[in-house]
Amino acid sequence: MTKIQIKDKEISVPGETLAIGMDVLPGRGTYRDGEKIVANRLGLAMVDGRTIKLIQLSGRYAPKTGDTIICKVIDVGFNGWRLETNSAYSAMMSMKDATSQFIQRGANLTQFYDLGDHVVCKIVNVTSQKLIDVTMKGPGLRKLRGGRIIEVDPNKVPRIIGKQGSMVMMIKDATKSNISVGQNGLIWIDAEPKNELLAINTIRKIENESHTAGLTDKIKGYLEKKVQK
Amino acid sequence: MTYKERIDGRKFDETRPIEAKVGVIKRADGSAMFKIGNTWAYAAVYGPRNLHPKFLQNPEKGLLRCSYNMMPFSSTGDRVRPGGSRRSKEISLVTQKSLNPVLNLEEYPNSVVDVFIELPQTEAGSRCAGICAASMALADAGLDMKDLVCAVSVGRVDDKLLVDLDYSEESYEDGPVADVPIAFMPNINKISLLQMDGEVKKEELMKLIEMGKKACMKIYEIQKKALKDKYKVEV
Amino acid sequence: MERELRSHIIKLLNADTRLDGRKLTDYRKPIELEYGVTKTAEGSARVKIGETEVMVGVKLTTGEPYPDTPDQGTIIVGAELLPMSNPEFEPGPPGIQAIELARVVDRGIRESKALDFKKLCIKPEEKIWMVIIDICPINDAGNLFDASSLAALAALKDAKYPGFDGEKVDYKKKTDKKLELEKLPIAVTVIKIGDKFIVDPDTEEEEAIDGRLTVSSMEDGSLCALQKGGDTPLTEEEISKMLDIGIEKGKELRKKL
């Protein structure tokens, strides 16, 4: 007999038993210990059919293949660039992944990306040792010029982006700003000072209220009120 | 003279009042504070993050580093000289050993998880308070871990066995005293810190451990509540 | 220092605003001050400015006076940049940053004569009170200087002598006798970025600092200590402006005591 020990969307702490029984399966953020399914991090427990999983609520960014992230160039070498990813690991971008332009042997690579530059790039591979390769080839991937970068909790990024990008679109429209959201918790914003602040405050509001119901409507109302002023 | 009742009126198996809060240091990746009686610990977790120097890096798993430090004004007596003492280094070590078993550090190769424990005010049981705070801070940092860690000191004063000795009990002079700090992993049901100084018989020690585990279960509920409170959905 | 961030900060300053929307000479809000936070110290205080949080504890002990001031007690100020409070801080003995912080706080208190050192004398040439002030940042989100100075003064205001029988200090015995504060020196650090002046920098703004002047002033507006930092030199005109801001803002902070 399977017994689910937790309510759906209940916050669980590491070590807490989420369910007992062999016909439920341990999903992300959980492990099986004999009959029990146990949380192995702090998270929101979800029952998804026969699977019990945890949605992570906190913690630093863990690099994943396919993620679009915002990085800073921290080193320029012979064959490519080293990028800071806002995680425990840096990423490598090789010349062939950096540009479709032909680069002469021995060329000064800083003419493409210089130290301190920020780029929107995509992770193409993460090894078990956490070596990360990124590419600049793909839609929306580019060097960021001007604007400003803020840091948010990477676990809140999906809410900031919204369904099919609806939330971030709403902020962009209301604040007439350019925004790029990196899945590593770095967000680039380019707008007039007043709108920049509104965009940031809106993002902070989403971050703080990310688990409340009806967030999209709430944010819509917030932006309408602020823009009218 | 025998030790009949506790000076502060507690029951023999009762801890001092406990207060716990998670997310108290904004710049840290995870943080918590834990107060038990007059002993007060902060813990901040940074990481997983890049590990320097490079030769410390382990491609198979991450490193857990713990540091225990008493603030200069945290002792009832003289000022504590800043900069680590032999005592604080040893406590840092046993803290690391008590927390290490719950962490799945294989998830974080080549990196480090730093735990900094700071005590603004102490009066017995500070290493245990530090471990309780650190365990909550690690969970708050979203790290992959199998369990929480709860810690309390148990001991013997004269012919009585008791939980969470305070300063007057630790320094009781009219009879033998033993002080036994333990850390317990409530779901794994194992002990990850055990030290003892004083005099005690084996049977008494086993009984003390039993009492300690019970007290740890109460502490566990407080830790759990503090963690859940931080993330509670406000409707 | 990141060029982009710096030029962005300057762009905002030119539009009379800052990264978080503050005016140039606004402190973050709220500013909170709490006395007696730790019972093991003879005096203590915690100051929060925005997200920055600093705890200061005062211990009182006895010692011998310096030969050149036989009838005066003394103060010792220590600061540790706890690695708990900022990911950039590393464990180990105080570095130059911590030493500068302690020295700036020390000078504000010493030179303003906030404490009458003669009142700290127990027996001339033999025994004096030593007032040890330790600064511990809990969360460093910028402007440790001002937060620490304010917390140090508040901790002194909170401090009471421990029991003393003429020979030894008995820390378990608390007395009602307070340390008397004669003056209330307040430190305000005025920052120059580009050609603008701001107060209370956050972490990002601290990275963009060109010039820095910590202005410690007293109730009547007179100055008691200064410390210039940052890499760029200042003109007399700039110094004059920075002093004005420092004294003015000092009045605001003093009200929190």
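First chain written, first letter: the chains are A, B and C, and each begins at residue 1.
Keep in mind that, in the parts below, a residue touches a chain if its C-beta (ideal position, glycine included) is under 8 Å from a C-beta of that chain, and two chains touch if they have at least 3 such contacts.
These numbers come from a predicted model, not from an experiment.
S.K.: Draw the chains as points, connect those that touch, then say whether the picture is a line, ring, star, complete or other.
M.R.: complete
S.K.: Sort out for me whether B-C or A-C is joined by the greater number of C-beta contact pairs.
M.R.: Pair with the higher count of C-beta contacts: B-C.
S.K.: Compute the distance, rounded to whole Å, between the mean C-alpha positions of chain B and chain C.
M.R.: 32
S.K.: Between chain A and chain C, what is the separation of their C-alpha centroids in Å?
M.R.: Whole-Å distance between the two chain centres: 38.
S.K.: What residues in chain A touch two or more of the other chains?
M.R.: none
S.K.: By residue number and range, which residues of chain B touch two or more other chains?
M.R.: As it turns out, chain B has residues touching two or more other chains at 49.
S.K.: In the complex formed with chain A, which residues of chain C make contact?
M.R.: 2-5, 8, 11-12, 15, 17, 19-21
S.K.: In the complex of these two chains, what residues of chain B are touching chain A?
M.R.: The touching residues are 29-30, 47-50, 59, 62, 102, 104, 108-112, 139-148, 185-188, 223-224, 227-228, 231-235.
S.K.: Using the touch definition from the top, list the residues of chain C that touch chain B in their complex.
M.R.: That would be residues 37-41, 44, 51, 53, 55, 57-59, 61, 78, 80, 82-87, 91, 93-94, 132, 134, 136, 138-141, 171-172 of chain C.
S.K.: In their complex, what parts of chain A are in touch with chain C?
M.R.: Per the touch definition, chain A meets chain C at residues 72, 116, 118, 146-149, 193-194, 197, 201.
S.K.: Can you list the residues on chain A that touch chain B in the complex?
M.R.: Residues 9, 11, 13-17, 31, 38, 40-42, 44, 56-60, 87-90, 128-130, 155, 209, 211-213.
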